[in-house]
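So that we are looking at the same thing, I have put the structure below in structure tokens.
Read from first to last, the chains carry the letters A, B, C and D; within each, the first residue is number 1.
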Amino acid sequence: MGWTCRLAGSCSLEGGRAEQLMVLIGSGAAAQVITSQGTHGSYLTMQLGSALGAVFGIFVSRGVSGAQLNVVWSMSLWILGRQPWRKVPLYALSHLLGAFLGAATVYLQYYDAIQVFSGGHLSVAGPNATAGIFCSYPADHLSVWGGIVDQVVATALLLICCLAVEDRRQGLLPDGLAPVLVGALILTIGLSMGSNCGFPLNPARDLGPRLFTFIAGWGEEVFKAGGGWWWVPIVAPFVGGLLGTLIYELLIEVHHPHTPQSPGQESEAVELEEFKSRISHLLEKL
Amino acid sequence: MGWTCRLAGSCSLEGGRAEQLMVLIGSGAAAQVITSQGTHGSYLTMQLGSALGAVFGIFVSRGVSGAQLNVVWSMSLWILGRQPWRKVPLYALSHLLGAFLGAATVYLQYYDAIQVFSGGHLSVAGPNATAGIFCSYPADHLSVWGGIVDQVVATALLLICCLAVEDRRQGLLPDGLAPVLVGALILTIGLSMGSNCGFPLNPARDLGPRLFTFIAGWGEEVFKAGGGWWWVPIVAPFVGGLLGTLIYELLIEVHHPHTPQSPGQESEAVELEEFKSRISHLLEKL
Amino acid sequence: MGWTCRLAGSCSLEGGRAEQLMVLIGSGAAAQVITSQGTHGSYLTMQLGSALGAVFGIFVSRGVSGAQLNVVWSMSLWILGRQPWRKVPLYALSHLLGAFLGAATVYLQYYDAIQVFSGGHLSVAGPNATAGIFCSYPADHLSVWGGIVDQVVATALLLICCLAVEDRRQGLLPDGLAPVLVGALILTIGLSMGSNCGFPLNPARDLGPRLFTFIAGWGEEVFKAGGGWWWVPIVAPFVGGLLGTLIYELLIEVHHPHTPQSPGQESEAVELEEFKSRISHLLEKL
Amino acid sequence: MGWTCRLAGSCSLEGGRAEQLMVLIGSGAAAQVITSQGTHGSYLTMQLGSALGAVFGIFVSRGVSGAQLNVVWSMSLWILGRQPWRKVPLYALSHLLGAFLGAATVYLQYYDAIQVFSGGHLSVAGPNATAGIFCSYPADHLSVWGGIVDQVVATALLLICCLAVEDRRQGLLPDGLAPVLVGALILTIGLSMGSNCGFPLNPARDLGPRLFTFIAGWGEEVFKAGGGWWWVPIVAPFVGGLLGTLIYELLIEVHHPHTPQSPGQESEAVELEEFKSRISHLLEKL
């Protein structure tokens, strides 16, 4: 028990460090484009930064924590019965801390650039706004409901594709390809679902840097902006993650031609049985 | 028989869901660039979106349906004797439904953005046109014959390269690389054959979203635009797919140094025999 | 003997078809950017097109001809004693034909676009020039000697890196990775050595489309332009290819820690012996 | 002993040649964008050039020197006890020479372009500055302390991620993937930490080309510019590399679930023991 706890703690600490690295790279890419006013990058380079941040976050932590960099993913693994529920809040806390520290490192590295670009005034909106470097804010056109729909759809897509990439029944990938595919997935979502509110997808990764900017000088505007936007990227990803997990589990994984336990056993009855057992397993969790 | 039917139905249903995901990502990338007026992407990011949509569509469905996301590919596999003809219309219907639902999901996710960008007027042409998010329209310079040639060439290229990537005689790829290569192929066609009419390549993927826009408020202009363009991306890809399959089969696969059945049997006579048998096999299908 | 000849002919025919595909994709990407005046692509998408054209050209032909898509590479394999010299002119002719047909296919596919963009006047220079879609022309700043140096350096780099990627002593790559790396190499050269004269690198791939444009209406200006530039991309790549092969062979491959034939035999004397034998082998060819 | 010395010399010579190739590609990509005034590339293509230069530098040398292209990496391998300290200065000298020759090759290849762009006046600052092609200079907004922080953070990130990619405990990558990942890492740092001072990261790669430009006509301004910037990219990467090695070693690698020597031996005591032994090992080196 003591050992399990320590291991869980150590794993989630790992997750925190990986989260810090992910934020350092992802927010760094945004800082570079924003403070250089587009001379040192473009929208595409920012998305590539987010994607590559996830790739190397996974590479740094895959041996230890199995690369859980998003608490929505941790929740999904719990729903699917692949890890105990205790790990979920541990990861959440550790990600929050890691994301906070990552934001602090970006501010340290871009201190001169942010000071010059913003004229020393750290603001959330306007032409010299710099808060968008660290966490998500909605575009002007977006309603709160639109933001919720956007995040539910995007996180559901994230979970469906991650589960498909991880699914050994779909064929075993060469070691090292999965992290790259997850990065490609983040890029995908950034390129196709990024203009509404910057695809936060990850509650702790959004809240941690928001807390940092709140403390570091951007003030309470980080919570007030966008009509009190801050809670949407915390709540909606869980809804989307749950939806994505259910869609994958009920509509895709169940239909797989599964390896029969004994020859001849392969029949419609067996498949139906498995379908029922999966549904009842999922219902228990909800 | 009952089992086979159910399995075929389930597989094509899978294909439909993968199609929905592919349209959600691909059209989402277009929606992002168009409604943000290029601030959140570029022509390249749209093509990357289409390519990555195909990659993850394949990853989600490869375990079940063998990742048939284009009815032209299904037709080609039938011509080559790798699946019964009954599967082709099943896939066509399921893709049509999936593409329709994918377009609906994009509209849901970009509802606010499309309303603001278009000023509430859903139009097919003009500076605030939004129909191009969902399906293909020809460029001003393109004649109908030019469009047919473009689609025949592009789909033939698609089939030749897909058959080459899948061809085990050309060497076995690591599991997971083939979907990435198909994505790279979609990107290739988007970058080198996309400016004439947006490389539809896929009848159901073009018609499904067109039907959605017809119903959702863009009206009958979606069928009238481009001099009644809508039928070209349905018919021409089949012609191109047939052409590409024949080219690959007759000019490339036949020339492979094939493994001889018994030592010494390797002779010109054997190769000629195989060439004849392949041709007669293909002629039966036509 | 008859069989060998036929096989060689068939292989080089394959190479020709792969060359056609490579030109179709590469020149298509240029046609798209030029005729759309940059709205459907950028310098980067053109280079990606060239790179991806090479990737799929290799995938289509790797099973048959071992993917020889550049006669400079064929020459290098002959110098290294890996194929008879007879194959080199066969490949050259077949590549020339393939590149000619590839250019014709691009012209067919972009006929409408080229007519509208050029106002029906097919020209080599000026704001509506379209000859650059098909083959290389030097930038205004480039002297003939500068062009020769550029092509010698670029082709030497191409050969050194291709030999390194193919070199089994450097470790065996997963099947399918090598073609992708060759594509990445073409992209690399396009991004770092493309602004002087468009990195032709490949004599037949440059001359074939030049002959096509000569016949198809651009006229003798295709040979006169750039101070009679046309011969540079034919001659210089052979010089660069020879240089690259020698550099790799003498300075890199020889230094590899080679597997000793018998234990204890591994000594400086053996290494010196191998070095001498390689040099004398190379001198024979020159 | 004599053999070891020769081998070490040969390896570091290899490293030098790989370094030359890396600079040739990386600085070539910068030369192309700068002298074409952005018509033949963008900020992204420059970063891709740097990344691909590293990839092919590694492919060319991986069989011989194990691809040590940065003396900071050589230092880190020594700290971790994976190579003797004698190799570090050998690599440093050989990299310096290689980077110098790489810069010379770029100047040769872009001689015409640089002459025309700069009007024949080789300058370090101003609108026609060309010194930035070859080595790093700080942005106007950057203080010396900011530059040190930037380079310490960036090199620490480089080392952490390289150690993670190389770490066999984290799972064995397919041969050939590691060089591509290192390239992706260089791209990552270029996109997220490149706007402050162009991410030198590599003392010899920065100093070698600086010495070349000093001699070739840019004069002593290359050492005076940026308030005597030149020593920062030499000193700071060593600090960052040391920091990154320590972070990886103490905070990540130690926590790996290691293979127990005998069943049952796996206990907290064993882990603590390993942690202590690693720390004392590291302290010895410092």
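Definition applied: a residue touches a chain if its C-beta (ideal position, glycine included) is under 8 Å from a C-beta of that chain, and two chains touch if they have at least 3 such contacts.
A quick note: this is a predicted structure, and the numbers were derived from the prediction, not measured.
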Homomeric contact subunit A-subunit B: same or different residue positions, threshold half: different
When subunit C is superposed on subunit D by its C-alpha atoms, the rotation angle in degrees, nearest 5: 90
Distance from subunit C to subunit B - Cα centre to Cα centre, in angstrom: 30
Gap in Å, rounded to a whole number, between the CA centres of subunit D and subunit B: 43
In subunit B, residues with contacts to at least two other chains: 42, 44, 174, 177
Sites on subunit C touched by subunit B in the complex: 3, 6, 10, 13-14, 17, 21, 24-26, 28-29, 31-32, 35-36, 39-42, 44-46, 48-49, 52-53, 55-56, 59-64, 105, 108-113, 115-117, 174-177
For the subunit C and subunit D complex, residues of the former touching the latter: 42-44, 47, 139, 141-143, 146, 149-150, 153-154, 157, 160-161, 164-165, 167, 169-174, 177, 181, 184-185, 187-188, 191-196, 251-252, 255-257, 268
